[in-house]
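Order of writing sets the chain letters: A, B, C, D and E. Residues in each chain are counted from 1.
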């Protein structure tokens, strides 16, 4: 049997990091490329109802068609927009990662709200199955002084985990430590917050982790270590210069990340197809 | 196969707007005319328990009979009044759009209320099937400082979406940004609020959007763009002179709307049948 | 929007046949290539417990690895063997078609048996979902003097149809008219039997038809016509010389078939990879 | 990480056979020793109600206690007798393999019976869970002229497979080709019957195969090949001289068997503990 | 005790304490050694999302491998990490105790929180069965001024008890009286709080108690007495010098404890394997 048919369920060394990921489900084999790496483009921003999130994805038909042509490993969409990807004929297109929860923590209006929520849509896993998704994704939010919100997220994950199991649907958890900023809650890159939150997601049974970069990228090895055998995809965060994005991507991959989940840095780029190609080269080129 | 049997699930150009709608369910084929357009008359105002909403529809038997004769594409009714339409013999009558949620945000008493709700009646989708409705409709309310209400609406939509799926019942969502005014909460025509709210409804899986006009109708293309492949019906809002109504209707149709949902401007008109004919001509005449 | 993103739910002309297929589900978009054609290699023979069916597939690890490398559009497997395909890393491999029913009509011992059965395994559709199959397949058997067997098959299809619907799992039905021969029941290529049986499968709600060639291939247009908008894949039947297989494939594709399902003619070929390439060229080259 | 923690889900070479077994469930890790081999002693004979099966196991308390002390990897028992093993304190004792089906094919009275059955006890898998079994076992019987019996067995396996899946209970299938003999149905060692029957069990989703030796042990490689990645335990069959048993065991292990399931040759031996030690040495010593 | 008659369901004297435990389930026979004693190492700390809990278990693959080699009777893990233990081949390894509830009472941030929760993950018992756990464990938290939290715990236990019964899954309850301290809530060793809480757990149907040491260990007999026939394992609490740990262990065993559940005192020890051996000697040496 040639190497490419080697069973995916064996632990494999990740170049440059010394850590291992264990990937072992038909759908994860569809989400991750044969080298165990994945570049997922997130265009599920409209789900959260914030005006400033729509820039560059006002026209979703166009955005999804452009991205599908650019050919990342996966595209992350909400249930209402997923058909734009899934109606495209033929198997040679990005896999679908289905966002399952709506939240009101983003955007300018977030800070100061007395009432924050993260709501998983009803029948999310069955919907993901019907849409032929390769994975579902849900938040694990940690906001200062918002334990109810964190509890709601733990409950969401626990319920999704139980629903995903019999249907073989992988669960990506997005542990997200936030802090209040000028324009709403923003990413908190403190490893003392990110590491235990990532770990909690793993202990709850996440199949894939989607995690923020740490303020100092040198700390990212600790995130990878906390996740252990669970592959970690790194979030892109806000818009940044191309040069910086590419350099940061190289660094997190060197630290053992299994890939990236970028949104605005691809879709708002003047040349999304070119940017996708350059990022694919880093993620898969090794 | 000759053009007339062309399947409805194909994207078709919408004259005047360059946008496309994708319609692909038996009931949507009953709600929308063969040209993909729809004029829905809303007479579900009594559902909200506000005195000022009853003008012109005090006698519902008469109102429904008049409207059924006038022949719009659809009539929007609450569960208790829907039999007035559905007991009329023969297939050549307006389709039923069933309102599913009661709310207390309308009317003078609305502003200042400490407790606002939007409640979907129990068994709404099964009721819609029993009444042979072509569609159900529910609110997505965005009121300043009322995140619990918005959460409740997100939950309502999520639940209805899951119940509608296996029964092939289309879900019309009515994203409604409101602001406090002299006579209670009123429509907020700010596109910065309407556009992301419409988009959130689409991402949640709305089959049809019923949306307010923007303050400046030139901004309406942005609403249509945010809805993408989902057809948008425009709300009429409060009573206005006939001339203005007709002009506004022509303009939103030119911007790519799939139709209109008007209430008071039809039912309180001295000649509802004539007004209906004139609006049908605009909506379908192209 | 570039051509390759054209929505799959539109009817498209099939070259050479003038017929159209309507394909409109995420999983069918994964089963059929972007041109709407599919070459499925069946290696589910071991499911039936007949000694003579194992020739060439005694070692399934080797057989599946060889086929996965050869790269047809799909491989048809039983639940117990499907993991051999689905554990292969990466998305660039054939889609899984899951066989759901065991039967005892094949092989030498078949004829003369007083008791014939076709049994769908418990939880077949959930298993197909868990295995990330793109389609399930089930028989519709018509044997002389065996109405109980045909009834059992109708019941199987009816049950699978209802289970497939909410999960978006396509159902391939294999209408199979058989007649007693020297070495057991064999294919009956009489179009008077095949055409109405194919039609019955379509009327029961088949998403894809897998049908035997007619004795005179000129009659195959009638099979395609009976299936209407439902795509038809042609079975290969027993081992035949390569030249004949290729010629027959060209002819059925010309008659409007959407593809082929071959087994022994690929797997028992001295060069399965080469044979797969030649057949892929005919199926997709058009 | 030291070698002993190497993940079990990787394919490992089996010494002497060149074949691989893939073992990858917590309970199979409890049934098979760390070397991937297993010696299971079957004392479930009383389940079948045949007088001649009771020799040596008339006193089950004594028999189970003796065997537990002798220390094979597993003991196979019916639900009613399993507590004799499971009430023994401490984890260092053989694992429980729970027999789930009663049949009337054994013994002198078998041949000539008009009505043969194989019945899985109600709630078998939940019972196995409650008894903390490491595996359940069920027959796949092939008797000349008894297709209803074979169908019943296929149905039994299919149902058990679906019930075992969510609970992580491994399913051992015992494909058993029989032929009429002087003292009832006996083992048919014809590889033309055993090989396709073993294969059918694998395609139905067996986690472990328990199979008869072929008449000519040189043919046993074909059984192992047909089972592929599924481990094969070899049945002992009737009482034979110790020397022959040991030699036969060595040979099947050399052919790639993952172990043995012996009953009478252990329990009717004058020194069951000594015989167990000698067989353990062959099975595990390699 | 002679092998054959040894039934675990008989009450047996516990050396040094004069008390008896009644252990009578297959899984408890796997959790407790043949002498009725158990040393369980808890490494489920990451489940709670607190940064300070991860010290020594940052790399769980390594931690679990080290512990599995050291060979205590059991290892306590969360659902997401349990596979690290259960994938190890062979039956000679520690039993799995599965943690079922996440809580936010630990760590520095705990005190002052307005909202405390303890959430049992969905499908916890079925998950424990699928993972082949020997026991599940859940908290019974008593915090000053937090009756909702205690009610939630009572509800958790009541629900788990009912789910565990038909599947024979033992339920370990961890009654935990806490008080606010400088670095968050900490153990309250007051026997006036511990004794009635342990007793409540027993009355709710706990099969095993995991309880804190009392401030004065001489009071521990009262805890054992309150538990009655239910075996009590003693928690280790925070890091302490080895000498003290060993002396405390000897004392609680003398008072009639059935064993210990230690975490940091093993895993943060410079020689976890040596520490495990010394503690095993005390627990089992008697």
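Just so we're on the same page, contacts are C-beta pairs under 8 Å (C-beta built on N, C-alpha and C of every residue); 3 or more make two chains touch, one makes a residue touch a chain.
Nothing here was measured: the structure is a model prediction, and the numbers come from that model.
The minimum number of touch steps separating chain C from chain E is 2.
Chains that touch both chain A and chain D: C, E. Its C-alpha atoms fitted onto chain B, chain A is found rotated by 70°, rounded in steps of 5.
Think of it this way: of A-D, A-B or A-C, only one pair shares over half of the D-E contact pairs by residue number, and it is A-C.
Seen from the Cα centre of chain A, the chain whose own Cα centre is farthest off is D. Different-residue interface: chain A and chain E share under half of the residue numbers found at their contact.
Chain C and chain D have centres, each the mean of its CA atoms, that are 35 Å apart. Taking each chain's centre as the average of its CA atoms, chain B and chain C sit 45 Å apart. Mean C-alpha position of chain B lies 66 Å from that of chain D. Chain contacts: chain D has residues 7, 9, 24, 165-166 touching two or more partner chains. Taken as a contact graph, with one node per protein chain and an edge wherever two chains touch, the assembly fits none of the named shapes, being neither a line, a ring, a star nor a complete graph. Chain pairs recorded as touching, per the definition above, are A-B, A-C, A-D, A-E, B-C, C-D, D-E.
Taken together, the chain C residues at the contact with chain B in this complex read 7, 9-11, 20, 22, 24, 165-166. Within the complex formed with chain D, the chain C residues making contact are 44, 46-51, 53-54, 58-61, 78-81, 84, 102, 104, 113-117, 119, 121-123, 127, 130. Here chain C touches chain A in the complex through residues 1-2, 4-9, 23-27, 29-36, 61-62, 65, 68-69, 73, 86-92, 95-96, 126, 129-132, 166-168, going by the rule given at the top. The residues of chain B lying in touch with chain A in their complex are 20, 142, 147-148, 150-151, 154-155, 158-159, 161-163, 165, 192-193, 195-197, 199-206, 222, 225-226, 228-230.
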